[in-house]
Structure formats: structure tokens, C-alpha cells
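Naming follows writing order (A, B, C and D), and every chain is counted from residue 1.
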């Protein structure tokens, strides 16, 4: 997409690698946290407080974005492994989806911060 | 009385057969008998037309790669004692066209080895040492590429690699390992030249790190590691090239 | 018939073939070099060489020492002018390999490391861990891809040379992959096909070492020189015959018999050197023929160890320690564990002498030229004259590059000076050779190729082994003659053309039988004991009568005729060949004598 | 034996797309790659959480209870298994992309830092972060005091139309009220 003389894979591979680390290290904690929400609203509020306050949520959504790119990179390659002849269309769709999800996170975060300041 | 084992070999004779067919044999073996010795005894006593490649019988020449129960192995380093009580199914090396019986067409693999410029390219502006002098290379510098220089070109990693099965354009484990071996040799200056091949989609970027090539490599060369190191180098190269002006 | 034209055709792509191809391509880039091999180049048997390559590099070493070791090691049957050229060019070629990327083992300061080797006065054997041949061959093959003027014909089986009025004009080959015959017309041909050790049943060599090149030249009238000298490597694994490099003993490994006694001291190689401190020319670092002969003597005395794979002695490496073994001899550990289930770190490795090298071969002059114009030979297949009656370990790997280069340059010069003759008559000769090879193929006959091969191997093992007698050699000769008769009646079931290994192994057997006969008759006529040719009925070395090369000349319908040619002695007059303490005393005496002469003048 | 015209006919074996079912090693690889679907699902859950938060506290609360639904708990447990399987396959591969040549003092040889040490190192990191995360979660005030100067959540709760929410001004009251509300 960007370079004709060589593969752009380093970009996606970089994101995939970072995402992989996040999934391996951070995701277990987060999943455990969400599973703990049944106890009480207070937990929810507390969880909400963490992931909705501007600074921590900025960290949180960047983790989620990295996980998104990691997951969709794997989806792209697994399609290839399942003998689907992936072309530029698949590339656009899959990585476009990743960009979309990332954008959604950022927009939500922006709105939350925007609403709160004004 | 030596034990017996049933060995089923996939046959294929281009003149007579439309497609491969199976032929089974019964072979006696002792603790030391290798599959290669068994195949040779079959050829000598039971089926002289059976054809396969072999030479050194000590796992160093790389001729006798074949599939044993679906796993790519060197026949000379596969022992019947490890298959006692089972059947052995012998097929030609996977992911290569079958020329005849257990002989495959390795020319794509050999051509790839030659395409990557597998020779020392002196560093620019640095002349090679004189006739009676050697490059100084400390054991630490040697260790950086030593493991990757042990590849015997048997093609087993190509048979093990699903990416090569799906896309024959992929340079493949051994060729990428050989590139890394020369790029990391302290005497070589040809890295920039070879990275052009590494950076392609058919270079390191076709590898999804299944890791089975390193699992099957009979000489412990670990091509999967060479490819990951290659990815790191290629990613660095990508970054650097971003800042370098286009015109350079 | 498909015809291809080239300037230089090289048969065999091992160490010598590849070096010759590179030398020809470098000397004259617009020459078309056809590199023909019956296997891919990296499968050539050079790959299995472990020990190392000799080249003077240490300050306390000298070309004279290397010259003296080689000539004495060869029991004075070496062409001393050729040995002189050899010792002057070894180090240069090994540095060239280093510049091409060969991963030689290094000293901590980054300089080339060398290790002690049998029969060498000063350590001068360069090594790449214990896979020197492997690394040299891969370096040469990979470097050869740099030269666009080298065109490779992989998996082409050479059926015959095209020789007309004593000049060679190319080869006729069978393209195994496509199943077609291809005539490669060339102005000069280099034979680099390696040894002929598969004549013996039990050997350290690969399946492809069937002396094809030797047989081809032999059949076209080129005599085979010194064929009776066949080297037994003292330490091969029992059963499979896989090589345990001499490097094991170079690094300090010791040989013990069933009582754990280091028996070599009883056979003129003593006194016993301390464990782990190998001393050049002493004990386990004696030359290969002496160490193999010591095994035979121990065997006669019943002091060898009986195993289900035959008589063995112990190669004990335990005192070297796991780390040292892993760094210096990793491949040996791997082989011992895989093939005889022994971990060298914990137990001694069972070994026995196995046939390893053919000292003799195609007679060539010092510049690798043969009696046929345009035909050159280099490496183990040739007898260029440096090994004499017994080759020292690590002289062969370096010989491939030193004389490979010479052959490449000579053939290139010859090709540049000559023009192609017209192709028609050559195709005629090629067709005749093809018909002769095809005549073997017939379904009706009855003899089994493998049966004849095994009987030949056993006959050679018994009759022309480490120790020979007139009677044992004659018995082998009778057997070989009978086998040649039965060979006319062999049955080849495979009528196909693609990878017809049934037919090819039959042709190889024909080559082996011819070479075996040359070995047998040469051994019969040399009624003396010299180097690796030891006679129980003629135990002494007889310089008056036998300081000569034996020449076996092909005779289509009978025994080869054996003649003799002189040995070039330049610097070193024949003397008693001594090792161990004797060698040291002899040396002191020689120095003392030199001082006296110096004093008087 | 016609050696003039070649009868070469290489047979190319078909490539089946179920190759990965034929060998345990490949199946384990595909499972490892397959974990990405569950990771993606969880990421979408978190996105859902954010979107719910936009609609205000009761949206947040509704979504939280949705996440608390047994089916979602089970699903998230599955995602957790997938993520741990990913971790267990991810960390052993890390040392392959790193060459650390060290001089082994005992034998004086240069050796590759063995992959095992790197893997143990990284697993320790994983364990540390997980335990740290759990502690911080259950004692958020530690985190709250550290990280939330704006007290975003309080403002959202207050800015909502009180009628739609059980009334109460401070966080403590709101949570108590909601607690009772759930209790009924």
C-alpha cells in the first residue's frame, strides 16, 4: 500500500508483535476484571471509573487498539493458511476494519473527555 | 531372530503410472538398522527398480530426505528400532513434484539457494586481506552465524513448511537462513544487496512462524529463528529506508 | 542425441571439481565451463570429510617440515618435486577459502586455529570444528554460483569419455532427471570423481564413491598408478563404517584394547604419552597405516573386543570433558549417539579400521595432465604423486583445492589454444559408448548386481586387506575374474529411463570391478611391504627393486599389465620411516650430523 | 529404452486446505492463530462498554450487568483460556527473534543465551502484571487517587437527568441506592 519496492508487512508485523505482548500480559487481568463485575454496581462504577477517566482510559484504549491490530493481522494470515487466496481486497477490508475499530475507540474516548471538560 | 517390520513405499514410474501407488515390503532389522539400509536391502533383494537418492549414510550430504509416516526425515538417520510394533509409510519429500518413486524435483529449492547471492561480497572500500593473511574473526563473531552455516541443503524444512506448500514463490526456510548466515558474517558486505529479497512479501514476510521447519531440521539449524531475526532486520531496514531520501 | 558445446568439461563437482571450475572461470571468464556431476554438488563425498586441511601457518612450522612429513609418511614413494609444489601452495589456497567465507575454527584472538594430526611433526591442520569437508564443499559450491560462465549439469551420469587418436573431445552423459542422453563436447576435460573405495565391502565412503572417472580413463589406456595402496582409517564405527575423524585423536582421544591398555606403544609408536596431552608423531598421532596395522596385530593376539558388529577397540574421549567435546567434536558426539548408541562423554566409542582413501589413481604429471591430450585429473581420483604409499590425514582436503586449481587453469589454457573439431564423428563415438552401456540392460539374464557387489567387497576385504599374502591376493584375483564373467550375465529389471538407478548401479559395478582388478594385480606384483601395502610374505621395504610406482594398464580381455615407473627423488633420500621415540632419536642424530658437517666445512 | 525423447512427467501432489488437521503440530498452530477471534470478540465487548458509557451511567450499568450475565461470564472464561494459550505459545517464540551471544566463563566458549532464561523472564513479567492488576482492581482507591484528577465518572452520574436515576448526590449514595435497587 505504501511501498512498491518492498512489503509493508513490517508495519503490520510491528503492531501484531506489540499487540501480542499486550494480549499475553494485559488481557488476562482485564478479562478477570470484567468477569468480576457481577458482585456489585460498585465494582462496575469502580471499573467504569478506571476505564473512563481520561488518562487511564487513554492507556486502556491503546491496549485495545493494539489487540485489535494483533487479532486482525492473524485473521488475515489465517485466511491465507486456509487456502483462501488473499489479495489486496482482503487486505483493505481486514486492516480497514482494524482501523475502524481503533477509530471507534478514539472517538468514544474523545467524546467522554470532551463532555467532561465543557 | 531379528525383528520384522512392514514398510509401505510410495512408488511412481512416470512412463507407466498415471499417479503414485503403494507397494509393501517385510524387512528384518537389528538395533542399528537405519531406514536407508532397509531401503537398500529392499532394492538389493526384493525390488531392484525402487529408486531413491542416497550417498553418505551419516546425515551430512542431505540426499535422502523423505516422508516417514508423514514426518519429513533423513532416511539414513531414521532407525527402524524407533518404529517397532508400528508400520512405516514412506513417501517422497512433501511440497516437491515427484519425479520417480522417492525421488523429488528439488530444482526450485536449489535455484532459490543460488538466487540469494550465497557468497562473501567484500565490504565497500575494504579490500580483502592479502594472499597470506586471513580476516580476523573472533569466536564470538563466528558464533553469530555458525549455527546457520550447518544447513546441509536437504530440503526437509521446505517439506515441513505449510507456507511453502501454499505458495511456492516463498523463498523458504533454508534460503532465508543462508541469507542471514552471510549477512551476519563479519567478512561480508553484501547485506544491502540480499535484503532486497528478504524485504519482499515472498521473503521473510511469507513466514507465519509455524516453527515446524526447526522442529524437523535434522541438523538443529533452527531456520525459524533465522527468519524471525530476518524479520527484525527487515523491519529495521524498512524504518531506516523511510528516512532516507527517495532519490538515494 | 542432444549435443551441447562447452570449452572445459569437468566430471565430478566435489572439492576438486568445484575448485577447478572456479579456477577456469577466473582465468578466462569467456570460457564456457560445463560442471557435470551425477549428484548435486553439495552431495559430493568431500562433504563427509571431518578432520581438517593441512597448511603451514605456525611460526615453529616450515614448508620443509610439511615436505618431510608428507614424503616420510608416503614411505618415499612420492614425487618430491610435486610435493614441493604442493607444500608451497597449501596455505595460500586455505587463505583463499577463508576469504570466500569458509568458517575455519579460530583462536581467541581471531586468528586461524590448527590442531595436531597423525604423522604431522607440527600442528598444521586447519579445521572447522569437525566438519571441515562439509564447510569447504559448501563454501566452494556457494562461491561457484558467483561465476556465470560455469554451467552446471547436475544429476548427469557420465557414461564415457570421447577419445579419438589420443585426445579427448568431451563426454557422453545420461541426464537422469529427464532420461535423455546428452553429449557434452568440450576442448578439454577434467576428471574429479574421487576415490574408488566402494570396491571394499566395509568402508567410510558414500554410495557414490565408485571410481567412475578412474575407470573411464583406465579404459581409454591411461594407466592407474599405485593402486595397491588403499588407506585403512583406524577409527571407523563398526557395522556402518562411519568415520570417527582423526581429529578425535588429535584432540587427545586414546585407543585401548579389551584390557584398557594403550596398545600402540607395542608397535613402534611409544612410549606412552600422558592422557589428554597428544604428542605429534607419538602413539595415537602415528600415521594411519601404522595405527590400522596395530589393530590387526591386536586382533591376531585376541586382545580386541568382541561385539555383535565384529572386533573393535575403544576410542576413549571421556577425559576431554563434555564442553570441550561439544565445541571441538560436536558431529562425532552426534554420530556416536545416533549410530552405535554411545555417548562419547560417558563411554568409550567402539571403532575398527575401515577402508577410507585410494592413494592411487589416474597417472598425472605435476600439472595434473594425463597421457591423453586435453584430459586432466585432480583430487582423490588422480595419482598426482604427493601421497605415495600412505596419505597423511588432512593432506587430501587441501590437495583437492591445490590441484583442483591447477587442473582448472591447465584445462582453461588448453581449451583457449584449441578449436572444436566437427561434431559428427564424436556423436558416432558417443552412440557406440551408449550402445555398450545399453547392452547391459536385459531382462532374461540371471546374475544379481548386488550379489556380485557384495562378493567383490568381501573378496577385496579378505585378500587385499591391512596385511596381504601372495596366496590371499591370488584367491581374490580368481574371485574377481569369476565375478567379471558373471557380470556379463547380470539381470537389470528396470527398463525405464527416468532415474533408472538399477541400470546405473550396474554400470558403477562395472567400473568398480575394473578398479578392483587393478588394485589386486598391482598388490600381487609388489613383493615388499611399504606404507599401507603390507605383505606377510615380504615384510621388508625393498628400495632397490620397488622404489617405483606401479602402473596398471587396461587390457580389455584379461588381466591388466603391470609395469613400473621411476620415483622422482629430489631433496630427501630414502630413509627408515620412524615414529615415536625412534623418530626423535633419528632427528637428534640428523641434527648432530648436520652440525658436524657444518663444523668441518 | 528410448533415450532420445524425454518421458519425464513430474507428479504434483494436490494441496488440500485441510492440511492442518493432519498433524498435531499444525493443529496446535492453527488453534494458536485462532485465538485471535476470541481476542477480537473481547475487544468489541470493551468497545461496547465505551459506547454504553456514552449513554450515561445507567447505560454503563446496563452493560455491566450484561457482562455479568452467566453466558457472558462463560464466554469470557473461554476468551481467558484462549488468551492464556496464546501467552503460553507466544513467550517460547520470543527468544527466537533475539540472539544473545555470551561467553560461558566455565568453558570459555561463546554460546547462545539459552532461550529458557528469556522465557522464564517473560513469564515472570506476565505473572507480576496479572497479580498487580488484581490487587489494584480490588483496591481501586489506590489507583483512583493516583490517576483520576477529573473524577470523570462522578460528573457523568451527576449530569444525567436525576429522574431517570435513583437520586443521590455522592458516589457512595448512588452506589448504595443502586445496591438496594438491585436487592429488591
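Please note the rule applied: contacts are C-beta pairs under 8 Å (C-beta built on N, C-alpha and C of every residue); 3 or more make two chains touch, one makes a residue touch a chain.
All values derive from a computational prediction rather than experimental measurement.
**Q** Central chain, going by Cα centroids?
**A** B
**Q** Taking the mean of the CA coordinates per chain, how far is chain A from chain B in Å?
**A** Averaging C-alpha atoms per chain gives centres 38 Å apart.
**Q** Centroid of chain C to centroid of chain D, CA atoms only: how many Å?
**A** 63
**Q** From the mean C-alpha coordinate of chain B to that of chain C, what's the distance rounded to whole Å?
**A** Measuring from centre to centre gives 28 Å for this pair.
**Q** Could you state the distance in Å from the CA-based centre of chain B to that of chain D?
**A** Taking the average C-alpha coordinate of chain B and of chain D, the gap between them is 36 Å.
**Q** What are the residues of chain A that contact at least two other chains?
**A** 77, 81, 83
**Q** Out of chain C, which residues touch more than one other chain, so two or more?
**A** Counting only residues that touch two or more other chains, chain C contributes 108, 177, 496-498, 500.
**Q** Check each residue of chain D and list the ones that touch at least two other chains.
**A** Correct list: 7-8, 15, 20, 33, 109.
**Q** Which chains touch which?
**A** A-B, A-D, B-C, B-D, C-D
**Q** Give the list of chain B residues in touch with chain A in this complex.
**A** 162, 166, 196, 199-201, 203, 205, 208, 231, 234-235, 238-239, 241
**Q** What part of chain D is in contact with chain C in the complex they form?
**A** Interface residues on the chain D side: 1-8, 104, 106-109.
**Q** Show me the residue ranges of chain D that touch chain A in the complex, using the header's touch definition.
**A** Contact set of chain D toward chain A: 15, 17, 20, 30, 33-37, 39-40, 42-47, 49-51, 53-54, 60-61, 64-65, 67-68, 73, 76-77, 79-80, 83-84, 86-87, 90-91, 125-126, 129-130, 132-134, 137, 140, 143-144, 147-148, 150-153, 155-156, 159, 171, 174-175, 178-179, 182.
**Q** Looking at the complex, which residues from chain A come into contact with chain D?
**A** 20-21, 23-38, 40-42, 44-56, 60-61, 64, 67-68, 70-75, 77-78, 81-83, 101, 104-105, 108-109, 111-113, 115-116
**Q** Touching chain D in the complex: which residues of chain C?
**A** 1, 108, 174-175, 177-181, 323-324, 326-327, 434, 438, 441, 495-498, 500
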